[in-house]
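The same chain A turns up in both complexes below, where it pairs with chain B and then with chain C.
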Partner chain A sequence: MTELRVLDPKSAPPREEPRRRRALDLRLAGLLGVLVVLCAVGYATRPDSFLTEANISTMLRLAAAIGVVSVGMTFVIISGGIDLSVGSIVALSSVWMTTVATQSYGPVVMVLCALLVGLACGLVNGVLISYGKIVPFIATLAMYASAKGLAERLSGRRTQVVTETGFTTFFRGDLLGVPVLIWLLAAVFAVGWVVLNRTTFGRRTFAVGGNAEAARLAGIDVKRHTALVYGIAGLCCGIAALMVVARTTSGASTNGMFYELDAIAAVVIGGTLLTGGRGSLIGTLIGVLIFTVVGNIFTQNNLDTDIQNIAKGVIIVAAVLLQRTTSARRRGARTT
Partner chain B sequence: MTLLRMTGIGKSFPGVRALDGVDLEVAEGEVHCLLGQNGAGKSTLIKVLAGAHQPDQGEITWLGRPTTLPSPVAALRLGVATMYQELDLVPGISVAENVLLGHEPSRFGFTGGRVARQRARALMARLGHPEIDPDREVGTLSAAGQQLVSMARALAHDARLIVMDEPTAALAADEVDNLFRIVAELTADGVAVLYISHRLEEIRRIGSRVTVLKDGRTVAAGLPADTPTSELVDVMSGRAVDTVFPHREVSTVDSSREVLTVEGLTREGEFRDVTFHVHAGEVLGIAGLVGAGRSEILETVFGARKPQAGVVKVDGRPVKPGSVPAAVRAGIGLAPEERKAQGLLLDLSVAHNVTLSSLPAYSTAGFVDRDRELRDSRATLERLDLRPADPRRLVSEFSGGNQQKAVVARWLVRGCRVLLLDEPTRGVDVGARAELYRVIHELAAAGVAVVLVSSEVAEVLGLADRVLVLRDGEVVADRPAGELTESAVLDIVLAGSALTESAATQGAVTEEVK
Partner chain C sequence: MPSLDRRRFLWGTTAVGTAALLVGCTSNETGNSAPDAVAAGSGENSRPGKAVTVGFSAPAADHGWMAAMTKNARAQAERFSDVTFKATEGTNDVNQQISQVETLINDKVDVLVVLPFDGKALTEVGRQAMDAGIPVINVDRVFDTPLAYRTWIGGDNYRMGVNAGEFIASQMKAKNIGSPIIGEVAGIDSLPLTQERSRGFKDALARSGFQVGPRVSAQFTSESGEQQTANLLQAATKLDALWNHDDDQGIGVMAAIDSAGRNEFVMVGGAGSRNMMDLIKADSGVMKATVLYSPSMASSAIALARLLGQTKGIGDLAEHDIPASITTYSAVVTKENVDQYLDVGFDS
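Let's look at the complex of A and B:
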């Protein structure tokens, strides 16, 4: 194409404006502040044990599985969807990878089994939603029920103990002094962040969630992309299943219970819009950590879980209200 | 007696002055018609009357007393009821519930079903349709039936003024007769009707007086309804604001290279057998009323809608129908009608919006090369004189004209061969329009085949080399722009919508065209 001339050569090139990410940064800083305050509370109530290496390690290992699920959930919610089936997929993957038959093939097959089961469930979700035109809420609700049912059937509702020692030795062990589970959590977050913020896939995820019609009219294959996003969420569930199995040395259909609610809560607290198009994985990570620290404070102080659940609810509402005040949504007035 | 008087009403939206001095006077018991081209400000004026928009300036008096319309509820209380073009009914509930929505008769908080049904039945009977069951679900009624419900709702509020926005658009001929009978009865009772329609022949039949809007201003107030068509058309098209169209000394059309070929394109109910050719460097303008199928044709060429028949070719090669990715690969770009709803990702930066369609070219192994992305975006913004030329700003922070440039930039970066522009200057102020016009001509000069849809006939004539006039989904004229005038195009367009328009208008068409 021939070059088009700048229309007014006299006008000096406009000065660069600072990057407009302040609203988001401000919100993340606020969340981080909440986390710090919670840690301070933990330290104040249990100065002897809260900030010890052992306790931090315990907290992070507990946070690992739900954290990984939340990464997938962040992708789904940014793309404008929702996934209610993550807990059941974790259960199914954990059961499938720990059947006697799977274990007999050794640790590598167990890992692959968990990942494949998760990915497959996620892709089924995605295909139903994008090509079957079933709304995400319903499609993943159906997956929630059937994956759970399949997990119960496979396991006969019994807990399947992991006898494969290679698997447990590796995943329960340390690497450079840090538990493997924590490495995994960090790796999933790092990869997720890069994919979301540095690749065409991530860019398109924001586009599809922000305005699916505009994305379609820009030439993006919105259906295929949507299907893949749910595939990612499923894959994350498979990884989370590995972590749960490693931590509990068993697979059961009760694994992953309420993960969907915890993950959605963490994503929303982290500042990702439920309507899609805007969000941050760092926010999700902080959201997960906030929940973990709250849980830990309650456990350390021997408080009941019922109070803990009430506290969780209060935190969710407070976080969302806080975000509303810091992000006055721009809304262009429409004419005629 | 004067019921409503509006003087000097002004209303601005970011980047555009929608109303700029509207005067309107409606007497009791008259059918006052509001006429104007698309974008003249009719819809905004209706919304001001309905209390949905607040005017920035001007005065409103009701029965001689100054008043304001701060909310839809206030407007209803005053006695202004509005029947919108897109019917604002709740399809899932009954006729009676819709008619009395918002002021249901109730006792101790319980809705009185029987009273509501009786009132709804009485209203439907008054409208000449006692057979419509108040318990019927509104969604199961025909368009005409729904319109009656909408009107019953207006009557239920004891409206003194009923605003009807193109009420006949969805009606068959006998239903139109019934509507006019009802309008006559209402006006005999002293109710005033503000009637908006493109169909001049309807205005002749039931109108008392006509007010004409143009570019957000009243250009003629209280004309008698029997004003000759040619005079009305002249008033509608006479440009109050002179938009300067850039001169093209030399035609850039390279007639040896046909870039876009559309043959026999058809989608039932939208458009039929549409054929046109666009050469490199040519600007093809498409004129016609809203609903004539203009946007639908562009979206079908772009693959966003699947045609039932017909082919689209770029450089002689057929493009897979009904696939946007295929159209984009073939080199077609679209700046859609609804810039915000269909074109832009408001939460993303300009750079991200600009490269959205060319991401593979800006990435290696899936990773976006953000430096190159920024560099190219900035260069393109500077080429289009998009200000400020900072690609990292959120696209929502820009004015309408600059947002439109961002959409165009997306296809420029991609190096498109065919650019489809759907209402590119809607909601764009006059200064930014002139810049967009220059951009369009420069694109053409660079060899792009441009197809331009606009509701503003002057714009189509000023920019295009050739003009296609659509009426009810069919091409009724395909002529060089130089052979047409604004009133000639309006005549062709309006002649089609006025079903039984007099021979005088037909004569005018042929005269003008000659």
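Let's look at the complex of A and C:
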């Protein structure tokens, strides 16, 4: 299946193999089913407050930052890599954009600063991995540690409150009746989907993840491509940092804690292969929403957080098993 | 290849320019930080006496409260002309903290002030110091045995919860609310200090026939405070009161309340940050009070260390010696008394 893509990755998108397409759709349908069941549980237990406009808006805003990070993570994992540094990059960007100096230059510089810091960290990851030949796990682990350290250094481990009201008014406000954060989340997903599924860049990402050597032989500059993919992940972290700062009205080195784990979990239950070469952004989105809805349902019913963590673990395993059985039925023994 | 060179040149300048821009954004200098909480000293004890060298060891200043502890200790020591202050670099590695305390013992300081990262892990080295004849003042996180310290000074998590509960109960009664919905944003649930705070809160409310309604637990960070509170506010469409255990996470809690546009309830904080005290003073929103767990205890610890070194007692007490245990009081700071407490408010 991957061979089909790799043979001519630069050409126009090949027709999706119908059988494969059905398998993917079935997997997504299963995942969507999980989400619908969860929403039904939420509605059944708290009919008065679960499916209200305010609660849905709250859930989507909570999903925004981790959702954007997960978009970047989907690209990285499809390309056959992993990024453990996303949480620290979010922390560093959030701190850098809220220093007294940055805030004094106004909201535009704050936004640029977050995006640039994120992009730069991502590119450093990418260059270390592709040109420095350090395995992704180690290179991004190093970035995880040093970005966190730098964030602590810059902030003096304090919580930096945003006093720039221009920034908070815009990002915490609404646009056409919908919170700006939700627009941003939607925009990042839309752009991500188009890039991944409708451009040469996306094709090449699948090709590199499916078989890097074959991709190289087919004329793809694998090193440059890998570096760029990590750059995208970093940029997504910069956008997520904007969202976190907007939501908490502060930047701190404790921001983005465990984002790497949450993002990887969302990507994997979304049906993206950890070994690369196959994946779906829509699956990732549903994965992120599933976790947000679970958290919300637990709080709605005033249940303990420890039970919530158990449920999270069970959901990860259940979703992966569910997908494997649905795809196994379709594709016989050639499953993953 | 001139075109390639030009491209490289352009990319190079862009990268250098960007780096310069980012470096220009790292400064964090501000003119106004919270004042240091220092004990003024009174009577006979305030006069300079025998020179005392005080050794100080604490965990890394990784959040506002802990940073204030170290800052206050230093400021208090500088206040005394007869105290030489020897502080070690703050660390969250217990092995490192043990060796730091050992170094201070070898330096033969007169008194040791130790705020351990983990009380159990530092007990043994506390005993070593006591055995070497150096009195140890154990701050906040208590050692396993009184043999390891001369005096303990620390806060009272249970009473923090009690005082928060009693303040809220009195507010509810004043407003004539029969069965109020009272929410709680706790800290990390697995920590004993969080459990004690919650127990005190529950007990105090129960005395008035009230109970804790919606409850979430955050991670002492502003981000987790925001996430948990956003969900809590959706679950509780109407609230009468809300207690947040920690003012550091309170920044996020306040952001969530602001996002949800809620103002129908009374909010009480915990620990006593400068930020929250300013909000209480302004009285412009839900924030009405905060229950102290004040880092001024570090200042008191240094003052006690000096008195111990000079073998003096506490001025107004009949005791000849410094007491073996001092528990600081978790006062409720409200709009009425906030001016008296602004000096102990710490930067988040």
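The rule is simple: the second predicted complex is superposed on the first by the 307 of 336 C-alpha atoms of A that agree within 3 Å, B and C clash if a C-alpha of one lies under 4 Å from a C-alpha of the other, contacts with A are read in each partner's own complex, and residues count from 1 in each chain.
Keep in mind that, in the parts below, a residue touches a chain if its C-beta (ideal position, glycine included) is under 8 Å from a C-beta of that chain, and two chains touch if they have at least 3 such contacts.
In this text the structure is predicted, and so the values were computed from the model without any measurement.
Novice: For A:247, is the partner it touches chain B (first), chain C (second), both, or none of the two (neither)?
Specialist: Second partner only.
Novice: According to the stated criteria, A:146 is in contact with first (chain B), second (chain C), both, or neither; which is it?
Specialist: Neither partner.
Novice: Looking at A:200, would you say it contacts chain B, chain C, both, or neither? Reply first, second, both or neither.
Specialist: A:200: touches chain B, not chain C.
Novice: Using the superposition on chain A described above, determine whether A:305 touches chain B (first), chain C (second), both, or neither.
Specialist: The answer is second: A:305 touches chain C but not chain B.
Novice: Answer with first, second, both or neither: which of chain B and chain C does A:49 touch in the superposed model?
Specialist: Only chain C; A:49 stays clear of chain B.
Novice: Which partner does A:218 reach: the first (chain B), the second (chain C), both, or neither?
Specialist: The first partner, chain B, only.
Novice: Quick check on the output: what are the common chain A residues between the chain B footprint and the chain C footprint?
Specialist: none
Novice: Using the touch definition up top, name the residues of chain A that touch chain C in the complex.
Specialist: So the residues of chain A in touch with chain C come to 46, 48-49, 52, 54-55, 58, 61-62, 96-97, 99-102, 105, 109, 112-113, 116-117, 120, 152, 154-161, 172, 244, 247-250, 252, 254-257, 295-296, 299-302, 304-306.
Novice: Please output the residues of chain C touching chain A within their complex, sorted ascending.
Specialist: 18, 21-22, 24-30, 60-64, 67, 189, 213-217, 219, 221-228, 230-235, 237, 248, 251-252, 254-256, 258-260, 275, 347-348
Novice: Could you list, by residue number, the parts of chain B that touch chain A in their complex?
Specialist: It is residues 13-14, 16, 18, 39, 41-44, 302, 304, 324-325, 327-329, 334, 336, 340-349, 352, 356-357, 359-360, 362-363, 366-368, 370, 382-385, 387-390, 392-394, 396-397, 410, 412, 415, 426-427, 435, 438-439, 442-443, 445-448 of chain B that touch chain A.
Novice: Considering the complex alone, what residue numbers of chain A touch chain B?
Specialist: 1-8, 13-17, 19-20, 198-201, 203-204, 206-207, 210-211, 213-221, 277-278, 330, 332-336
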